[in-house]
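Each structure below is given as structure tokens.
Each of the next two complexes has chain A plus one more chain, namely chain B in the first and chain C in the second.
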Partner chain A sequence: MRRSYIVLISLISVIFVLAYLTTYMGILGPISSDTRYLAKLFLALTYNPDTSTSLRYLTAMSPEAVTAIVWDYRGIDTFYETTVFFMAIVSALTIYRGITNIESKTQGSGLSIIVRVVTKLLIPMNIAIAVSIAVHGHLTPGGGFQAGAALAVISVLLAVVFSGYSFGKLGMGISKAVALRSMGLLGIATVTLLPLIYGIVAGVQTYLMQNYMKVDSPFTFPIYAWGQLISGTLIWLNLAEFLAVSFGFFVIFMLLSLREETVKKYLGVGDGH
Partner chain B sequence: MRKYVPVAILIFVVYIVFSGSLSPYDIVIGSLIAIAGSILASKYLIKDESKALSIRRFFNLVSYAFYYLTVAEFKAHWTVIRIILSKDMPVKPAIVRVPYKASNSYTIVASANSITNTPGTVVVDIEPQRSLYYVHWIYAVGLDPETTYKEILEPFERRLSKVFE
Partner chain C sequence: MDITLVLIAIFSLVGFIFTFLAVIEKDLPKAVVFSAIQSAAYAALFYLLRAPDIVLVYLPVSVGLYPAALFFLIGKSERVEE
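Let's look at the complex of A and B:
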């Protein structure tokens, strides 16, 4: 009892000291009241439909600065991030090699009917929200990875609320999820290489992952479709990443929801009962 | 064909509300995802589409929502407020069996959530084989099935049956 009072008092005093130091002593340094120069630069350039100045060569044509940076200004970096995630899933598939579909010999009963019915209703809403995050990635905060993570929640819900075997019942095997994920990766590769193919065919200089025209390259992805801003490569990269990430997570969660005995039997290790 | 309409409407409305936009872009993508999602999900959600598309049942649902959010919630809150404010704290807590008569899973779940969401009563478990809720009740006026049904479940189940049964 005495011990907990000492802990409580010391916690409260640490909070007070930190609050006092940061508020009145200014130990974090002065807070700038102005936007930083770099931030101003990005805000001015990411969406710049003004074609009269040479600044147009620096724009990504997306009002969402984060997506513009992630998929245009440092697009190759994001490409490698996606590759790292891809390699992680490949490693998981290697460990669980040979398991392509989850058999549903026994059916788990899952949680109570209350949880199951509410979850059944939530899943279509989840799909709607994930797609909305993906297709607005170039307009509002969000994007392919966030949308993919939102969609992958469905696989966790299915495994926990219904049963780890419900994937097989729904016709969503591991091989199908891997195929859909690979389609997403192919989409990213296609968008990356399209400017190059265009460059070879048309005989002009282009760059990998090029989105908007550069000083020495006239190539531009369609920025508008029927009057709607689609920001060139950004919408396609977001959609492809959405597919790759969501089904990548699906594969992982499906594998993790398998019973240890099943896995060991497949792999031929241990007694596996 | 009609079977796919209710889920498509649900997905479309959620998409539009979440996106917060009625631009042609969102209407087109919202419709596409509504069609695709409905084809995938309808068979798990809809057994009888004539019920889901019935205008009368929809108005019953709206009137239930109105009853629930005003009358039922007010009554339940008033009871609990009286308990909190009285000086001798008159509680008589018990977990009671409440038999339900509904057979449709949506009625069962909506009734259970209505009970849980009003203060003073919480559905702690359900036994579908015997059609029983186990409800924690802050002031159990009686333990026999007739009393618990009448006091806890009847106002919700009677109205919800007009929506889902």
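Let's look at the complex of A and C:
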């Protein structure tokens, strides 16, 4: 035990020496406190309703630069990220193939009544915060993945506090969660392909995942709805990603909270294997 | 001296100490809790470094979902590392 303390203290001293060398001695060169040129460019362009200059062809019409980069400027990047997550859940479903729904039993009542009541009060707040992060994703920090992760915490709370059988009691089966997640993915596919369909029908040039008009393409998603800024594709992509991510995590935690005997029964695996 | 820099130093030190504890701990559930505390310190760091988008995704994933997944897996295997 004493040896590990010596290791810890020597590691901390190395960190302090490195921090001193980089900040005060400047061994990595001078540290610039100015905003970088690229950042300035994104901040100037991300929300630019001024239609008089040609810069409007480069805007994403969202004051939230991160969401604008994630779903507009680097949209295909995020699309592939979603694909990776999709594949991970498909692999989990393949391992647990055959299990479509969790039976609701009264057995396994979960933790004490205090914890259960507090959790019951927390869950509606959690849902409200998650939905708020998703629908304000194009205005304030946050977005589809953040909101999905926030909502997925509910699945952990349900599995730990009320036991894995609570999903069945709430009518949330694996097939339902998979259907909701697929709806989210379909939403992303629809928003991605809509400009293409419009381009074919109207005979103009459009781009995949196009949000706002470009120099050679007049196509624009509705930027405002009932006087509110919805930033074209961004709110729809955030909502679709919210569904896909949150119910993807729901599927994973439903499968993880299953009892081993149940899984073995469904998969037809005996104890000897 | 800027208070933000002092807070960054404190939180990164807390994060480092709990990373170390998580690595040397043989009792796996304890190690997961240390790892979650380290993640909370890192979430504070991301906030101080003005990346609120990362904080919003990092908090639920690293403090809620990731330890939960590890607890489920520890429950299905052995509690103490040999």
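Points worth noting:
Going forward, the second predicted complex is superposed on the first by the 251 of 273 C-alpha atoms of A that agree within 3 Å, B and C clash if a C-alpha of one lies under 4 Å from a C-alpha of the other, contacts with A are read in each partner's own complex, and residues count from 1 in each chain.
Here is the rule we go by: a residue touches a chain if its C-beta (ideal position, glycine included) is under 8 Å from a C-beta of that chain, and two chains touch if they have at least 3 such contacts.
Just so it is clear, the structure is predicted and the values come from calculations on it, not from any experiment.
Residue contacts after overlaying the shared chain place A:His136 against chain B, while chain C stays out of touching range. Residue contacts after overlaying the shared chain place A:Met125 against chain B, while chain C stays out of touching range. Of the two partner chains, chain B is the only one that A:Ile113 touches; chain C does not reach it.
In the superposition on chain A, A:Phe85 makes contact with neither chain B nor chain C.
In the superposed model, C is the one of chain B and chain C that contacts more residues of chain A. In the superposed model, A:Trp226 makes contact with chain B only, not with chain C. In the superposition on chain A, contact of A:Glu260 is made with chain C only, not with chain B. When the two complexes are laid over each other on chain A, chain A has no residue in contact with both chain B and chain C. Note for the complex: chain C touches chain A at residues 9, 13, 16-17, 20, 24, 52-53, 55-57, 60-61, 64-65, 68-69, 71-73, 76.
On chain A, the positions that touch chain C within their shared complex are 4, 7-8, 11-12, 15, 19, 66-67, 133, 141-143, 145-146, 149-150, 152-153, 156, 159-160, 249, 252-253, 256-257, 260.
Here chain A touches chain B in the complex through residues 112-114, 117-118, 120-121, 123-125, 127-129, 131-132, 135-136, 226-228, going by the rule given at the top.
On the chain B side of its complex with chain A, the touching residues are 7, 10-12, 14-15, 18-19, 23-25, 29-30, 33-34, 37-38, 40-41, 44-45, 105-106, 108-109, 112-113, 123, 125-126, 128.
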